[in-house]
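See the structures that follow.
Below are two complexes that have chain A in common, paired first with chain B and then with chain C.
Here is the complex of A and B:
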């Protein structure tokens, strides 16, 4: 299973902010993520709701992975050491397969 | 529509080949925001492995400053690359209370005024 898909699955239930390529920021709780890193957030909020009235009408949202620029994660939920190890492991496995 | 709801997850239990998280939106009223800023509201009836969706009883909603308008359109197929986000409509807040609903002709006229002088062209950004 791809590394980042697995990684984001461990973050289900955590709060995060997604920055889209149109510069919109959406804050919410991660509900689910798929292999394209399409993301579904619950309890969403945007910094300036008056500017984006469409967000007042929805309670959760699915964001297409390809329109996401950054995902701001809570630092306490990310363990760089284990991510590095997982990356090495994956690199080793793909070498073995060659 | 009658009978048991179709079990999409049975086709792909691991979620490896389809945009499986769209399952939870099927037959719900959703708001779809496209890359050009267009907003369509309708019932999501089906989707495919690319994330193409079909909306039923679609309306386009246009927001201009403190006003908004709605244009009934019918059935829409939306190719996934144009989609930015899909949100489930909160039935209590479906209509923006702070804003005023104005007739279709009026909102279209206001949008035409705003767009005057700008060409319609397909952008790929």
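Here is the complex of A and C:
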């Protein structure tokens, strides 16, 4: 049922960049994701470490789902056709429940 | 049994009675999305859910900043563009989305 949770679980182990609502970009490897789309990243880096020295000593982090604006995904790891199929399926299911 | 029991769902897959149906019919089409903080996106819709979380492909983001000239009081619009091959957009930042851009109208 939770389409995006299922989708992000298929991306575990892949590299991606999370863009937060405060404009911070965090690049890292996806460790895990939960139903709220909270995200754990490993081997993180930020584009401008001098500006954010606190990130120099941090290797992995947990990001609350609600502070995320975008996630830049690796296009080679995403299959648009199966995503669209899954979306249609979920739209049908939620309609049945109404 | 009795015919007065539950009717089968009358909803057809291709009706537009639910607002989200409009979005479903835009799957695999290029859509326009307006976001908070003067951001706009154009991209191909690959997935969405009831929160309007989305996955868009071949995305162009346009940020518009308005600066007011102190002397002439003219409004100067400055735009910055970024492109992403594949982008997840969290639904809570979305103000509106609009179905495929028609090249001619």
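Some observations on this one:
Here, the second predicted complex is superposed on the first by the 97 of 98 C-alpha atoms of A that agree within 3 Å, B and C clash if a C-alpha of one lies under 4 Å from a C-alpha of the other, contacts with A are read in each partner's own complex, and residues count from 1 in each chain.
Following the convention adopted for this analysis, contacts are C-beta pairs under 8 Å (C-beta built on N, C-alpha and C of every residue); 3 or more make two chains touch, one makes a residue touch a chain.
Just so it is clear, the structure is predicted and the values come from calculations on it, not from any experiment.
After superposition on chain A, the partners chain B and chain C are accommodated together without colliding. In the superposition on chain A, contact of A:88 is made with chain C only, not with chain B. Of the two partner chains, chain C is the only one touched by A:7; chain B is not.
In the superposed model, A:53 makes contact with chain B only, not with chain C.
The three-chain arrangement built by superposing both structures on chain A places chain B and chain C 120° apart around the Cα centre of chain A, to the nearest 10.
In the superposed model, A:80 makes contact with chain C only, not with chain B. Of the two partner chains, chain C is the only one that A:69 touches; chain B does not reach it. Within the superposed three-chain model, A:97 lies out of touch with both chain B and chain C [touch as defined at top]. Aligning both complexes on chain A leaves chain B and chain C separated at their closest CA atoms by 11 Å.
When the two complexes are superposed on chain A, the residues of chain A that touch both chain B and chain C are 66.
For chain A in complex with chain B, the touching residues are 20, 22, 26, 31-36, 38, 40, 44, 50, 53-64, 66-67. Chain B makes touch with chain A in their complex at residues 15-16, 19-22, 24-25, 31, 33, 35, 39, 51, 61, 63, 68, 80-81, 83-90, 93-96, 98-99.
In the complex of the two chains, the chain C residues touching chain A come out as 9, 11, 13, 18, 20-21, 24, 27-28, 44, 46-50, 53, 55, 57, 84-90, 92-93.
The residues of chain A lying in touch with chain C in their complex are 2-4, 7, 21, 37, 65-66, 68-75, 78, 80, 83-84, 86-88, 90-92, 94-96, 98.
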